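Read from first to last, the chains carry the letters A, B and C; within each, the first residue is number 1.
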């Protein structure tokens, strides 16, 4: 520990290396914590900081991450690694140019992003997507805390529009029974991927054939889908953890999932041809993942309580509508992004209803 | 009498922190010299009525001013006046009388006191309360006919007696009410009832103190003259601004004190002082103070003569090699006590010794946090609700993290006791947008409890920004919105500096 | 500094301002609509840039020469007539000699008439300055517009089609960025370009100040 300390201290002093000061500082702060003390009241403060907050979000993502690694092997690890590296690069460049500290937010973005990708995504597309997301989804607005859209979603949507061929057709069944070599020794996955069964996602299957996937399959993740979105059990465990630690507010997932259920139930009753049954809607596609990990992003969702419920409910309605009546099979990401854009407006309305303007 | 539970939906309960004072009470030796500030507790500064060199007895009035809103101050020791001068009392210059003590412990009785107080007139009781100095208790004094508060006894509609203790460290009511204390307390209640005959009385205790609640409910007069409540000790439920609306409904007159709406809020010790003054003729020369926090060797309660220098009180109880920060009354809003010669006066309830934690901790953010407190449940300590010694939460002055932009986690909004949105206000002030929008978002409702700064994961001094916003608004000519109810004793309230 | 000698102090200043300091697209956000529409391929961008530059110069000459004769109240109409005449010349030339480009650029040539850069410069500069300075200003603004357009077009064509001026340059297996061929791609790139340019301008002015 002492050695690390000495090493860091000397790094600050070496002329060329200390250009990377934000990086050294970030490592320093992460390893050693702060020596600052409170000045005026309050004299003691809560032990949480943004690092702990973000670590909890990452811990909550771990079950889903592990599931995706179990399903897709080395490939999943590579995609996650590339996403982190490219995202960190952008974050780092901005910290250097604009001389601010490296903020912890990208740690979560860098993990959410690969988990919503199809396992076949080429690595360079992963890099492009995450860089675009961090750049246009976050840094452009002034960094963590000021962004309007969830950066991971911006990146994901960008590559969906930019590379429709890659992003919409290449789904894979989880290669659970692939041989060890296929999964772990062929990183670029050519054989593993070409050999694996390309399959449609349950939602796509439903759209064309009206066949509902079986619940055990949906729960354990034995369906095609994005890397981290399929194993719903892992997502639910992580999501509950997230809400327990208060790193994610429970109001949004509850109202989101609840409204999907309610509207799907109503819709399915009246229009059984186009709207899938509610139970299936809940567990299919990216709903669970989106509701727990993307819609809850505190920065891009409304901060008022009423606003949070509104946000969740409208996300739910949009998701059901897009899934049932649009050309796309999945509507979770679109609805969250649309609602991200509306979040400031929702807050504004809630606030102006709650607080009457004062006459001066 | 069975107490009624009042739920307070906001705030934050500080559980199981290290350094709670034990149930032990020791008497501090009479010091060689005391300094008596001429302004102690509520009221204006009084004028000295003694000369340097004059001999005084403990309990003798050495400063009073019957014209302005004030209460007299007393010599707390037998001895000789050494000096009449000025001291710096927590950043404010206050007149003070220094007395050399002769070390004897007896004290002078007030004229006309009687253990059979029932026979005294309300007028006489009021006078005893005034003369004893107990009238300066609470945030706006105990109303008597003698200008000890901004309102007259007849104007009082409600009296709230509270022994909740929602701070991180609290004086234990058990210590105060041990033995005869409890019956004295009940008597004290009855005395107050006689002075403020028109008022309804309310007693609030900490929900978790079961045995005390039991004893009190057995002893309370059954004539339904006192409403008995319990609350969960969620900070800052025992602050006047929160407690009054919680028990009585209505709205706190922000910018004024509870007395202006006819309410008197007192703590248990104030009631005991009243009893001692009226039944025993003892002036306010002694007080119980809790020494808490990890910095003290022994965490206990001490009974001391007012005016004793702080150093005299804590001397035997601290290690010289530890770097300490002494805090008065509250870890959240209390002032730092850096001058050890400061005399302990009527406003002292707890003195907390915190360790200055300016050492960094290796991988602090990834530690499980068995002994760390957090509003979020990101520390494992949140799994252990029991008061076990092993998982006692540490309290030091480290900020535990770096300053970051607000992430809209809304923790501050969830805990804010007055339901305003701290992060919204602070963002306005941070961007220097000081305009009527701040009024619209009710910035003046903030009671400066500092809880929002406590919980913020981004380590933003939210409450400080809000204070800045308030003073900015006032300097720009905005006014604190006037309360809707008519206020009492405004003239007098404004006359107190 | 040869340029400074040739153009004279004022002329040099005008050129510097037009090409960088008061860049029509970056600083004034003029001419954005056509920049978004025709920057999908480099050849279109070149044609468009040349067309706009030509119209700008010609307008500069005319307006500047007539500046004392044009009555104040009808000056906007006069600009329109002058600009429209030259735009028609450009349009017909393109149709005659470069029918492919004319097809691709289509209505945007006609819309040069309403291109804010030309109107803006006419109103802000040509009507108040002598011919030589007006022409310098026109050329530099035209160049600034063109290089911006071409820059964006190069990136868009490379990423969106994998080609440059119609020639395949990207290696085999190249995946086209569909988004780059659509308007959003142009939005992102133009936004990025303006961002970077302003950051550099700010840094420059900080140094000077």
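Basically, contacts are C-beta pairs under 8 Å (C-beta built on N, C-alpha and C of every residue); 3 or more make two chains touch, one makes a residue touch a chain.
Given the structure is predicted, the values throughout are model-derived calculations rather than measurements.
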**Request:** Please flag the chain sitting at the greatest distance from chain A, going by CA centroids.
**Result:** B
**Message:** I want to compare two interfaces, A-B and A-C. Which one has more contacting C-beta pairs?
**Reply:** A-B
**Complete:** Taking each chain's centre as the mean of its CA atoms, chain B sits from chain C at a distance in Å of 72
**Message:** So the centre of each chain is just the mean of its C-alpha atoms; given that, what is the distance between chain A and chain B in Å?
**Reply:** 47
**Request:** Quick one: report the Å distance separating chain A from chain C, using the average Cα coordinate of each chain.
**Result:** 41
**Asked** For the complex, which residues does chain B have touching chain A?
**Response** 168, 325, 327, 330-336, 352, 354, 356-366, 369, 372-379, 395-402, 404-411, 413, 421, 423-424, 436, 439-442, 450-451, 453-459, 463-464, 478, 481
**Item:** In the complex, chain A residues that touch chain C
**Value:** 122, 125, 136, 140, 158, 161-166
**Fill in**
Seen from chain C, its contact residues with chain A in the complex are 175, 177-180, 182, 184-185, 188, 191, 195
**Item:** Partner chain B, residues of chain A touching it in the complex
**Value:** 1, 29-38, 40-53, 55-56, 101, 103-105, 143-146, 244-247, 249, 298-299, 301, 303-304, 351, 355-358, 360
